[in-house]
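The structure follows.
Each chain carries a letter (A, B, C, D, E and F) given by its place in the written order, and its residues are counted from 1.
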Amino acid sequence: MENFIKEPTPEEAKKLIESINKEESICIKIPYNVDAILAASLIIKYMENPSALSFSSSNCQLEFSEKEEGKFVRFKNTEVFIGNSSFSSLVPITTEDILPILTGISSSVVLERRNFSDWELSIMKNSENLGITIEKNLKIPSYHDAPIFLSLAESFDPYIPTVTGSRENAIALINEIGIDELSKLTELNEGALNTLIFKIVSLIMKINPKVTRDDIITDRVFYLNYDSLELAFSFIYFLDTIGSKILVDFALNQSIAGILINKFREIIGKGFSIGQVTEDKKFFIVDSNLKSPTLLQLILLQTQKVRKDKPIVIKDGNKLLTSRYFINTEEEGLIEVEGRD
Amino acid sequence: MLDEILNREISSETPEEISLSEIQKISQTLAKIRISYDDEIHKNEIKVYEELAESLFEVRLSKYLEDNYKGKGFDEFVFNILDKIKELYISLLSGNLIFNDGKILCKVMKDTIIENIELKKGDLIFLDLQKALALWTAEYITPCKIVS
Amino acid sequence: MFKVLLRALDKLQLTEKKKVAVFDDIGPLDLGFTEISLSKGSEDEIPLWLAQHLEKQNLVKINSITTEELGKLLFQEKQNSTTPASLVKTYPDIYFRIKKLEEELKAKGLDGLEELKKVKSMVNEISLIRLRKIIQLASLNINDQTLISKMTKEEYLAYLSMRKIITSFYGGVIGSSAN
Amino acid sequence: MLDEILNREISSETPEEISLSEIQKISQTLAKIRISYDDEIHKNEIKVYEELAESLFEVRLSKYLEDNYKGKGFDEFVFNILDKIKELYISLLSGNLIFNDGKILCKVMKDTIIENIELKKGDLIFLDLQKALALWTAEYITPCKIVS
Amino acid sequence: MENFIKEPTPEEAKKLIESINKEESICIKIPYNVDAILAASLIIKYMENPSALSFSSSNCQLEFSEKEEGKFVRFKNTEVFIGNSSFSSLVPITTEDILPILTGISSSVVLERRNFSDWELSIMKNSENLGITIEKNLKIPSYHDAPIFLSLAESFDPYIPTVTGSRENAIALINEIGIDELSKLTELNEGALNTLIFKIVSLIMKINPKVTRDDIITDRVFYLNYDSLELAFSFIYFLDTIGSKILVDFALNQSIAGILINKFREIIGKGFSIGQVTEDKKFFIVDSNLKSPTLLQLILLQTQKVRKDKPIVIKDGNKLLTSRYFINTEEEGLIEVEGRD
Amino acid sequence: MFKVLLRALDKLQLTEKKKVAVFDDIGPLDLGFTEISLSKGSEDEIPLWLAQHLEKQNLVKINSITTEELGKLLFQEKQNSTTPASLVKTYPDIYFRIKKLEEELKAKGLDGLEELKKVKSMVNEISLIRLRKIIQLASLNINDQTLISKMTKEEYLAYLSMRKIITSFYGGVIGSSAN
C-alpha cells in the first residue's frame, strides 16, 4: 500500500508555477482558505493580463487542490503532489511579498494543526537574508512586540482555558507571577519564564492531560516585528469577517498588515467568551461573541467539543452566522444560515 | 417629431418623460428613409435628425449634471449608467477599490466567460476600469469595495 | 449649459420653416414625415435644411433682410440705448437673416464690399446694444412678458442663463433666495 | 492631492491630464484610512474626498458636454463610454437600429454567455438598451446598424 | 433500405414550435440562408426575453438543420423530420408576418430548385382568406406588377440566356413580338403570350435542350401585388450584400418589403453581365458585376458551369468577393477572400 | 456649468485652511496625508471640514467677521455703487464668514435677533451691489487684473460665466469674435 503514496515534490510545483507565462490571462482554481487565496493572489499580482481566482470553475489552467492524501498543484495537464506544505510556500519570496507568504504558510500550519514541513522550513531559512528569523520559543503570538497579557489573550492554539480571550484573566495570571502588566515575554528572566510556562501547561492540562512543555515550544517565525503566528490568526479572522478581498488586497500591498494586526489586537483585546456548543444535523452551533467561526473551530477542536467534518456556526441573538470557509456560497463576510434540528 | 421633443426639452427646467414607443415611431420612419434613399437630400435630412438627437442627449445630460435630474422613459438606461460611472469614479478616487497595475478587483455575479476565462458566481477577477464598468452595468460583476 | 442650449437652438433652426422663393418645380419629395412639392414662381415655407440644400442648386432663394431694414432697427435701438425696456421687437430670426444678408453680400464680391462693411458695423452695434439691454434686464430681474417677447430665442436664452447665474449665486453663496 | 487636482481642473479651460499613478497614490493613502479608522473624524474626511471626487467628475463631464473635450489619463474610459452612449443615442433616435419590443438587434463579437445563452462570434441577439450598451463597451457585441 | 427513410411530418414540427414558452430566453441554431433566418426571426419576434439566432453555438434549445436526407427541427430532445419543406412554412401565418413567410418558403424553393412541397402548398392555400393567391403561370417575377421587360431581366430561374440581366435585350425581345415596352404580361393577348413563351423556351434550349413549355409554367404565389418569387430573389440578393440583419428587420417589419423590391428592381434594371468562370482549388471564380454570389450560383447551375459543392466568388478587379452563405465566417455583406490555384 | 463649478468651489472650501481658536489639546490626528496636533489656547489653521467637526464638539472656534466690519464694507461699496471699478477688496472668503456670523447670531436666539436682521439686510445690499458691479464688468468686457483680484472666487466664477455667455453669444449667433 505505502508504495502508492507519492513522495511530495514541492520544488517541482514551484518550478511549474514559475513556468507560467506572465502574459497569459490566467484563472487559478483554489479552495477557500487564507493560504490558497494569498498564494494565488501573489501569482496573479504579476500577471499582465486580466486574471482570475475561481473557487468553482471547472476550466482553470492552474489549480490548487486539497485531497485526503495532501495538496496538489496542477498546471494544464501536469499535476504535482506537494504533501502537507502550504501553497504559499511555492511562491518566490521577495521583500515585497514576504508578509503574505509567511501568513499563508503559517495559516496553513495553524489550521492543519501541524508543524512547518521541511520544505517550508527550508525556504524560510533560505530567506533569512531578507530578514526572516526563526527561533524555538513559546507558541504565543507576538511576544517580541506585545505585552505578555495580550499575547496570552490572543493564544488560540494552544488554547489556554480561562486565559485565551480574557484580558483580565491574562493580566491576573502574570500579576500572580509578579510580572509587570506591560512587560513583554522577552523581558522576563529565566525563572519568571519557567513559572509562566508551568502555569500555562497546567491550565492546558485541564483540556489535554497529556500536554507537556515541549508541546508549546515550537519553531517561531518572524519578519521585522511581525510574528507569522499572529498574522495567521489575524487573517483567518478577517477572511471570516470581511472575505477574500482583504487577502487579495494584502497580497498586493503588504503594508496593510500593521493596520490589520492593530485592529485584530483591539478586537481580541476587548475579550470574548465561548458559551454553549450544541450540534444539529448540519452545524455545530456555538454561543460566542468571537466573530470568527474558523478561530472558534480551532479552539473547540482542542477542547474536543467539535469535529472537523461539520461547519461551525455562531449563535448571534436569533441569527446563525458562519463564513464561506465552511459553506459553499458566493457571499462573504459573516453569512446568515438557517439552522435545523 | 424630434424637433418638437427637443423644443419641449429645452423649454423645461426638468427632463421631459419621453416614452420608448414615441421614439420607436420616429425611429421607424427614419429607418425607412435610411433604407429607401441614398441621395444627398435624404442624407442631409438624416444628418439633421442625428444632430437633433445629439442635442437632445446633450441637453438631458446637462440637466443630470447640473441638478442631478435623471431623464425618464426611453433613455433611463443612460442615467443608470451615468450613476454607475459616477459611483466608480468616486470609489476610485477615494481609495475604495483594490488596484493592481491599473486593474481593479471585481467579484463575479453570474456564471460567464470573461477574457476567455470561464467563471462562476463568487469568483474574483482583475479587470481594467472600462471593462469593469461595462460588465458591472451588464450585471456580470461588481467591483470589490474596501468599505461597502 | 448655455453653450449646449445655444447649440440646440442652432440645430433646431435647421428644422424651422423658412420662406423661400421657388425658381423651379420641385418634388414631390418624400421626407418620411411629410411630402413636399414646390411650384416654380411661388413663395413657400420649407425646413431650413432643405431650403439650404435647394438654394445651393439655385432652385430656391431663402428670404433675408435688407440693409435698409437693418438701418431702421439700429436707429430704433439707438434711440434709447441705455433703457433696457426699450428693446425693439424685430424678426424672431433676425440673426439668421443677418448672416444670410452677409453671405449674399460676400457672394457679390467687390460689388458688395462696401455694403458688407456697413452691415457688419451695424450688426455689431445692434447686437451690442441689444445684449447690454438684456444683461440689464437680467441683472434687474425684470421678468416682463412683453419685454421677453421682444427677444429672439438666442437672446432669451442668454437672458435666462444670466438669470440662472444670478439666482445660483444668491442661493449658493449668500444662502438667500432674494434679489 | 484631490483638492489640488480639482483646483487645477476648475482653473483650466481644457481638461487636465491626470495620470493613473497619481490617482493610485492618493487612492492608496485613502484606502489605508478606510481600513484603519472607523471614527467620525475619518468618516468626515473620507466624505470630503468623495465629494471632491464627485466634483472632479462633474467638472470634467461639463467640459466634455460643452466643448467635447475628452479627459485624458486615468478616466479616459469614462469618455470612451460617453462617446458610445452618445453614438447609441443618436442611432436610436435617428432610426439606425433594429428594434423589437424595446430590445435592439446586436451581433456577437466574441464567444460568450449572455442571458444564459452560449453564443459564438457572428451570432445575433436582441438585448435591452442598457445591456446592449454595457456589452458593446465590453466588446462582446455591437449593435446592428441599418446603415453603417 | 427505403424503410429507414422517415416520413416527413412538418405538422409535428409546427406543433413543436408552437409549444415553446414565450417567456423563455431562447437561442435558435440555424443554417445561414434566407428561409432559416426569416423563420427563426419570426419566432424570436414574439419572445418576451432576450433571444438569439446562432449559426454555430452547440447549446441551443431550438435547432433547424439541413442534412442530406432533408430538413430537421429539434427542440430540446425532440427532433422532427420535415423533408423538403421550408422552415418558414412551420411558422404560424398572420397578416403581419405573411410576406417574410412567403419569402422564406419561396427562397427555399428557388435555392433548392424544387417545386413547392404539398405541405407548403396546403398551408398557403389555407391562407387564401388572408389574401394569398396561387395561380399556374409563367415563372418570371412580378408579371402582375412590373413591365414584361423587367420581369424578363429579373428571371434568374429560369435563366434566359441573353435576356436575364439585360434591359436592352429584354426590351428588344418584346419589341420583336410587337408588344409595347411598358406592357405587363397580364395585358397580353393569348397569341402574343404564346409567342413570348415560345421565344423564351427557344432561348433556354441553348443551355438546356430538354426544356419544355411546361417547365416554365409553375405554381405562382402572390400576396397583394407582391410576388413571392421576386421577394425570394430580392432577399437572396440582400442577404449576400447586406447580411442577416436586413432579414431580421424584414421579419420584424414586413412593410420594408416594398422599399427593398424597388431597390432590387433598380439594381437589376441597370443590367449585369456574367463573364468567364474559372475554378481553383477552393472556389468557382466568376467575372461579373452582379454582386450576389448566390444568384450567380443559381444561374450558373442552369448553364452547368458550376457544381453545388464549391463556393462561388466574384472577381471584382483584384478582389475576390463572396458571402457568408458560402463560407464559414462571422463577417457579413460581401466579404473579401483569398483565392489560390 | 456655473452650478457645477460653484458646487466644486463649495466642496473645495471644505479643504481650505481656516483660522481657529483652540480650546483644548487635540491630536495627534493621523489624516493620511498629514498629521495634526493642536494646543489649547493657540490659534491655528486647519482644514474647514475638520474645523467644523471640532467646533461642533466645542473644541475650537472658527473665525468669522463682525457686524462692524460688515458695516464698513457696505459703506465702502455704497460710495460708488454704480461704478463697477469701485469694487472693494475684502476677505476672499467673505461669504463664508458672513454665513458663519449669521449662524453665530442665530445661535444666540432672541438676543441675536436684532443684529441678525441688520446683518441680513446689510449682506443683501452688499451682495447686490457687488454682483451688479461684476455684471457691469462682464458686460463691458473689462479684464483688469487688479479688479479681478478684488473679487471672491465665487464672484470671479460668476464674472467668468457671464463673459462666456457673452462670448458664445457673439461667436455663435453673430458669428463674430467681437464684443
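In this text, a contact is a pair of C-beta atoms (placed from the backbone, for glycine too) under 8 Å apart; a residue touches a chain by one contact, two chains touch by 3 or more.
None of the values given here were measured: they were computed from a predicted structure.
Separation of chain A from chain B in touch steps, taking the shortest path, is 1. C-beta contact counts were set side by side for B-E and B-C; B-C has more.
Of all chains, C has its CA centroid at the greatest distance from the CA centroid of chain A. Among the other chains, the CA centroid farthest from that of chain F is the one of E. Taking each chain's centre as the mean of its C-alpha atoms, chain D lies 34 Å from chain F. In whole angstrom, the spacing between the mean C-alpha positions of chain C and chain F is 39. Averaging Cα coordinates per chain places chain E and chain F 76 Å apart.
Residues of chain F in contact with two or more other chains: 1, 3-4, 7. Residue positions of chain B touching 2 or more other chains, listed in rising order: 2, 28-33, 35-36, 52, 54, 56, 58, 62, 65-66, 99, 128, 131, 146. Residue positions of chain A touching 2 or more other chains: 249.
You'll find the chains touch as A-B, A-D, B-C, B-D, B-E, B-F, C-D, C-F, D-E, D-F. Against chain F, the residues of chain C that register as touching in their complex are 1-3, 6-7, 10, 95, 98-99, 102, 120, 123-124, 127-128, 131-132, 135, 138-139, 154, 158, 161-162, 164-166, 168-170, 172-176, 178-179.
Residues 98-101, 103, 105, 107-108, 114-128, 131, 144, 146 of chain D are the ones that touch chain E when the two sit in their complex.
Interface of chain E with chain D (complex): residues 25-27, 44-45, 48-60, 244-245, 248-249, 252, 324, 329-331. In the complex of the two chains, the chain B residues touching chain D come out as 2, 20, 23-24, 26-35, 46, 49-50, 52-54, 56-58, 61-62, 65, 74-75, 77-78, 80-81, 85-86, 89-90, 92-97, 99, 102, 111-113, 128-131, 133-138, 146-147.
Looking at the complex, you find that chain B touches chain F at residues 65-67.
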